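Okay, got some structures for you below.
Next come two complexes built around subunit A: one with subunit B, the other with subunit C.
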Partner chain A sequence: MALFKKKTPFVPSGVDTTANAAATPQKEQPYALLGLKDDEYNRIREILGRRPSSSELAMYSVMWSEHCSYKSSKIYLRQFGEKVTEDMKKHLMVGMGENAGVVDIGEGWAVTFKVESHNHPSYIEPFQGAATGVGGIVRDILTMGARPIAVMDQLRFGAPENPDTARVVHGVVDGISFYGNCLGLPNIGGETVFDKVYQGNPLVNALSVGALRHEDLKLAKASNPGDLVILFGARTGADGIGGVSVLASETFDSTGPSRRPAVQVGDPFAEKVLIECCLELYAAQVVAGIQDLGGAGISCATSELASNGGAGMRVQLQHVLKRDESLTPEEILMSESQERMMGVVPKKHLKAFEAIVNKWEVEYSVIGEVINEDRLYINWGEEEIVNVPPRTVAHDGPVYERPVAYPAYQDALNANNVHVAANGNGLHRQNHNSSELAAQVVQIISSPNQADKGWITDQYDRYVGGNTALAQPDDSGMVRVSETTGLGIAIATDANGRFCQLDPYQGAKLALAEAYRNVAVSGASPMAVTNCLNFGSPENPEVMWQFKQATAGLADGCLELGIPVTGGNVSFYNQTGDVAIHPTPVVGVLGVIDDVARRIPSGWQDAGHNIYLLGVTKDELDGSVWSEVVHGHLGGRPPVVDLAFEKQLAEAIAAASEQGLLASAHDLSEAGLAQAVAECTLRFGMGARIWLNEICERDGVDRTAALFSESTGRVLVSVGREDDVKFVGLCEARGIPVLRIGVTDNSGELEIQELATWNLADLGAAHKGTLAELFG
Partner chain B sequence: MPKIIVEVMPKEVLLDPQGKAVANSLHRTGHKDITAVRIGKRIELHFDRPVTEADVAAAQKIGESFLSNAVIEDVVAVTVEDN
Partner chain C sequence: MTMKIGVVTFPGTLDDRDAQRAVRIAGATAVPLWHADANLHKVDAVVLPGGFSYGDYLRCGAIAAQAPVTEAIIKAANGGLPVLGICNGFQVLVESHLLPGGLIRNEAQHFICRDQKLRVENINTPWTNQFELNQEITIPLKNGEGGYIATDETLKRLEGEGLVAFRYLDGNPNGSMNDIAGLRNERGNVVGLMPHPEHAVEAGFGPDTNIAMRSGIDGLKFFTSVINALVNA
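Up next is the complex of A and B:
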């Protein structure tokens, strides 16, 4: 390769070279504008034994940013790798630290899944922010050697009545549907929550899952000296490099390239081609290592590939194909242009590599090679602009143990529970006024957070590919992996910011318990966990306390349930002004089902089935939807979680499902039994008669709690009459409290005895009309 | 009757997937000399009276705040057409 051959007489380009850096140690550098602290900058000087060149400064600043280095969260994330047993690791093929975790699901198949945040770009430019969020996570999955098979999105928006919310909702939903639909990936579920705490900082988390054969697993590493480093896919442009413009203005005079945009524009059709191209490259076994380009672009890909592989790399930056010839080296290093991949290709496979990428009309350029030296050298023409140990950029960034402080408001918040709020009277309950209580049921199921999300999810393609077995509004999304045996996976994600605000430790466990239960009620066995931890500023000790508590809760919970965390993502600095969002640790649970034909529907379909409530209802209304929607209140302590019982419950459902006893199963969570009953009846339009008195008597709760309590460990199931005895016997044998609370019928009505009777059409209109009315 | 034409283009430094797709098609059909294509939009604002300076200024403003997305697009021209 003629990468470094002299062609023309040498003319200095004016870029800041490493030689120049060594010769001008006193030169002022705008490191603070790039987000580096004094001690971080000094550490870079220490590592290099000189000041960094401006290209090196660009690389370190972006790789040592919170987003890339996890410098504030690292000490807490370690416990996900430590609080595990050998048994938990047995299905784990790739754990934390890679682009995404990989889980063995049997029959020679593996799946990889991950959630990532794209919060801040989605506020600035909702459409492209959300679209490129999908594109980015799909490339992470592709990088592991997998074919992406589905996506999901976890969304948090501001108050629905605020005019800016509509701007963000429309942009985000359009962006997700545009990118996902163009890629031909089904969007099988997710979450949508409205709360004013997200007004100036919506959360747009994107999850993708992919499937691969065991032998197709790929890792992001460059370990064989002599292998070629090839950048392929879209050309590099000035996308998403807002911050680095301070460097550009240093190297160019003030009339040079000015304000660079902080946003990226995605091209899903290019990504689709890139997916197929990569899968063909994998099948032909011509790449030794692969890395996608996302945040921090080439800086990240080169340093991580080299660092992971324990080797070095020599790169010629002028060989990068550019969309815009005015790009400076610093900008090329930091550009976040989408739809790019970096492959490590043995020289002998170059021809085969070229044949495949040419077939797909994907542009590529050889930009460097792997070397047998612990060094990353980057040249701009003949001038050396980067000369660093790759590990110091990629993995040995700063690690902080930030101060934590128990929030000053916490005790008062916890003390103000539903029994003492409203001046010590407790939130008023309409236990003795049936018409008022019935009105609350409708008020709650038609409130924006509890209303049907069809207006959003109908804009996504849920069934493309023909492998979707379950999707919204079911409890989890389920897709078939093996078209011969029906082997499939189910995924559910959950997070309740209100519970986490009250108690981040319990809140994280609650999110885990809910996602776990959602997977279990679909008939799948929970196997692995991913997360996307959305928090405020880590420099605020009270936020850091929330983070510490939430990560401990999640790690402890996973240990109790015996399922490992396979990877995740942290998003800090989510705040409006100085006010942080509620801590929102999105927890995703993946389960496996041996045949998706065995899935359990979430709604009632046949008349004359008995309806059973599994689990116990306690008076747990603190932080509930009822307290929010009816009373505008947040205080007290979230519901208690009993993970040992959740596990028992999941096993009982699996056993009942294997024996074919369950006609449907639906998890109880937000807005409790009232919400679950409404969803079960509206799912397929099957009427029912429900009675609450036995719940009230057995569990010692009032009607408000029976309807709206958010006690965990509860599932609503329907069972054919012929299976009644068997089913009740199974529950009793397994120690699962079971209570018959109703029957399904063809009345076209939902009757809750001694409370109200609703025509299903009216109830459905109330439940399904809200979002369309707000945003349609 | 006169109209004001507002022309909006994707920001020069950002990717224009539509333009890229058209450029690729042109190359495939032999138009190798065209090095790049960028596609914007032309918006006509119709009037049933003569257009004033104030109308043009207003159109510029509408163009920047309403007809384009300032994060990813630029208003590149506001012109008056009489016919």
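Up next is the complex of A and C:
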């Protein structure tokens, strides 16, 4: 090819070539500054049989970083692929390891979904950090050949009263709003949690889901020698250089230097155009393989495409289009400039490729070609600066079995439960003081974590696309995939860092159970799982123990429920100084519904319906919202999870929904029945009368537990009177405990008998005003 | 013969597929129009949908107002072609001087998405003839730069000549002067508004109503109105 034709006369550019590297073995290299350990550097020398050139060092350092190589987590992530049955895999078209998992949802359709962290950039520069988090995950979905159809965000901020929290909240919400709204993707839900443990390390996770026809599936591989390697989209600039290795693998230190230049800057307009351009390229079938450029930029894309395809690649780095001509080869290799894609295009399709990218006015350059040799060669002009086996960069990075230690504080934390806290007296309960107990209900539903999130979600477009069937504040987000049949998908995500701190194994299962239940109550059948595992430093053995426990809990839970993990993301080093965040494994569950018209509303809409509580309430207040908001306490053990029962419950909801028996269904989780009742009544402004005495009698719990216990396996449903007998019969036949606890009415009030009566306007103001008051 | 309604796509347009769907549900044929192509393909009416045309760089709608397709639309609109501008499309109409005034950043300084109640104050246009005068409707609103501004003189003229087509009810979401949500031109064929009728055309995917969740389809009448106007023209 003309790309590599020798020109004369030859003038050396002064870059560190592979020949120079071979000739100067003693040259000292700044590998430690790039995040590589001594043994990792020595291994690179071993692989190459010489010292790496500076460009090779740049590539290995970013690709072997924690963020890209999963070196501390790999040994635990394997169980997501091992603890599965054949039955669990039957709908899986692409599993772990690709850009995102792909699930067959029937009718020739497939969906791909994934959640990813952008925590560290979002603390340094909340706006751009959050914005590019959305951009990155959307490109992952696009890379699979899918049209992205929705996004969600899982956000965790510091204490609301801390003055720095508003800076982060405003920046992150503005960033997501700016980028997501400009892309034309509906934001269908997510999570927002405030806790001081996230003060110096907020969590910004972004989820995207896309839909594709089975035959449109694309994989990130370059396997046919002679195919062209084309970089297209935005030009390569100096943004995000070393972001991966420097940012995501180091702990923030309040005295550290500013790392602002390491955060990427996003242009959603460029991404929107890139999405439409890629979809047109796919439709024209002119790309043989495709990879997005995210963390580790060109280093990642070239080595992964070659390694995945079992081939090699020859690249001319001077052909990369740059925003800044002064960029060095190392910087070009490491740049994390956004809105770029790498396509593998057979030569015969080049003309068609050019016509499409020109139509969208997207810039491109042919930077190399696929070769029939297990080698990645990168040239800078006439000089060779990289000559490596691609697999050693992309897939054969270091794997660590880090030390694990049971936390020294754990036993004391677990012993300090709500019954023994407060000097052995137990946290005080206002069971016999109705006005105080009623005040706790309002205090809890208006606390920042339990309050309505409308102030945030109303800054996101939930309508675009015209297929949104459910969005915040419903239990899950739901979008239609087929406009012909109504086939659709539902997604819910959950994580409870407080439960995970008490017991990471159970905590991960609890997150899974809640997300699963949220999907089930929307009328969809849970089908697959994704996750974003946010933890402290893996170099801390106690954090590593949490990680080990949480991954085991999640893998065991998925096996019990019979739904596979299709992919995910790990974010370590979420800590300030030595203090780690609560372990926060965000679990996303995807469900399928044959017709979104059948979806179940989350609130009450009609007067005169009976309200039933499904499941059993136990005295489970350790780690609860009640213990936090009313008492500022964290200790004991989280609620018990019974996944076999969760499955039974989900199946009962599905059966009742198919028979059209459910007017609404809402899951019970944080802040228990009190929260669920408030949300059901406020969703459409329908009043209700509720009684607690039968719960207390049947389940042997006091009024505090009846209102605030966070026992799992519970759902609140409303049923029209004509369907009563049928519905109760269905529950009893399936062994689901069912108890009528109230009735809806047109009173404009919520009455909890023998406790209090609230005007819905007042209750609504308390629930909906909090975030606007704090941040508006 | 079914009517042909053009739906323009600029780079960065987002609601074009939604507008095409609305046209189809109303019973007409949607014809995609591309920003770089000045050929209007003999359509009977044009919708400029929402989004962030050309990234909203410079000013919302400013670059789109210079596009080849827009030049053709301006010419056709001046000849009487029915044109509806929604959100970014409204901004394009204002930047093209087909409608007066301007649209600035929301008063609250951030993007807002909500179900918005409006009053239809002018039904003598091809886009509103199926409504009743002063009918109250609810359709989604979603914008960052929807604050309508105009000079006192222009406002006086708009109000005096009855050119305010839609007014916000139950709270002005973005600080628009006189609660103006949308306008028509003197001739009546050009209508622009910030809220989104194309997101309220199909039960199950529109705003909540008292009857059922997401069942609002008040936006559909924009599209049936234009078909009615074309059939009776």
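One rule holds in what follows: the second predicted complex is superposed on the first by the 754 of 776 C-alpha atoms of A that agree within 3 Å, B and C clash if a C-alpha of one lies under 4 Å from a C-alpha of the other, contacts with A are read in each partner's own complex, and residues count from 1 in each chain.
Here is the rule we use: contacts are C-beta pairs under 8 Å (C-beta built on N, C-alpha and C of every residue); 3 or more make two chains touch, one makes a residue touch a chain.
Because the structure is a prediction, the values reported are computed rather than measured.
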{"item": "Partner chain in contact with A:83 - subunit B first, subunit C second, else both or neither", "value": "neither"}
{"item": "Which superposed partner A:267 touches (first subunit B, second subunit C, both, neither)", "value": "both"}
{"item": "A:509 touches, of subunit B and subunit C: first, second, both or neither?", "value": "neither"}
{"item": "First (subunit B), second (subunit C), both or neither touched by A:361", "value": "both"}
{"item": "Which superposed partner A:340 touches (first subunit B, second subunit C, both, neither)", "value": "neither"}
{"item": "First, second, both or neither for A:147, with subunit B first and subunit C second", "value": "neither"}
{"item": "Residues of subunit A touched, compared between subunit B and subunit C (which is higher)", "value": "C"}
{"item": "Touching partner for A:237 - first (subunit B), second (subunit C), both, neither", "value": "first"}
{"item": "Which superposed partner A:324 touches (first subunit B, second subunit C, both, neither)", "value": "first"}
{"item": "Doubly contacted residues of subunit A, that is, touched by subunit B and again by subunit C", "value": "267, 269-270, 361"}
{"item": "Touching residues on subunit A, where the partner in the complex is subunit B", "value": "124-125, 128, 234, 237-239, 257, 260-261, 263-267, 269-270, 323-324, 337-338, 361"}
{"item": "List of subunit C residues in touch with subunit A within their complex", "value": "11-12, 14-15, 17-18, 21, 51-52, 54-57, 108, 110-114, 140, 142, 144, 196, 198-199, 201-202, 204-205, 208, 212-214"}
{"item": "Subunit A - residues contacting subunit C, complex", "value": "173-174, 177-178, 181-184, 267-270, 272-273, 360-361, 457-469, 480, 483, 596-597, 601, 605, 684, 776"}
{"item": "Touching residues on subunit B, where the partner in the complex is subunit A", "value": "10-17, 20-21, 24, 69, 71-72"}
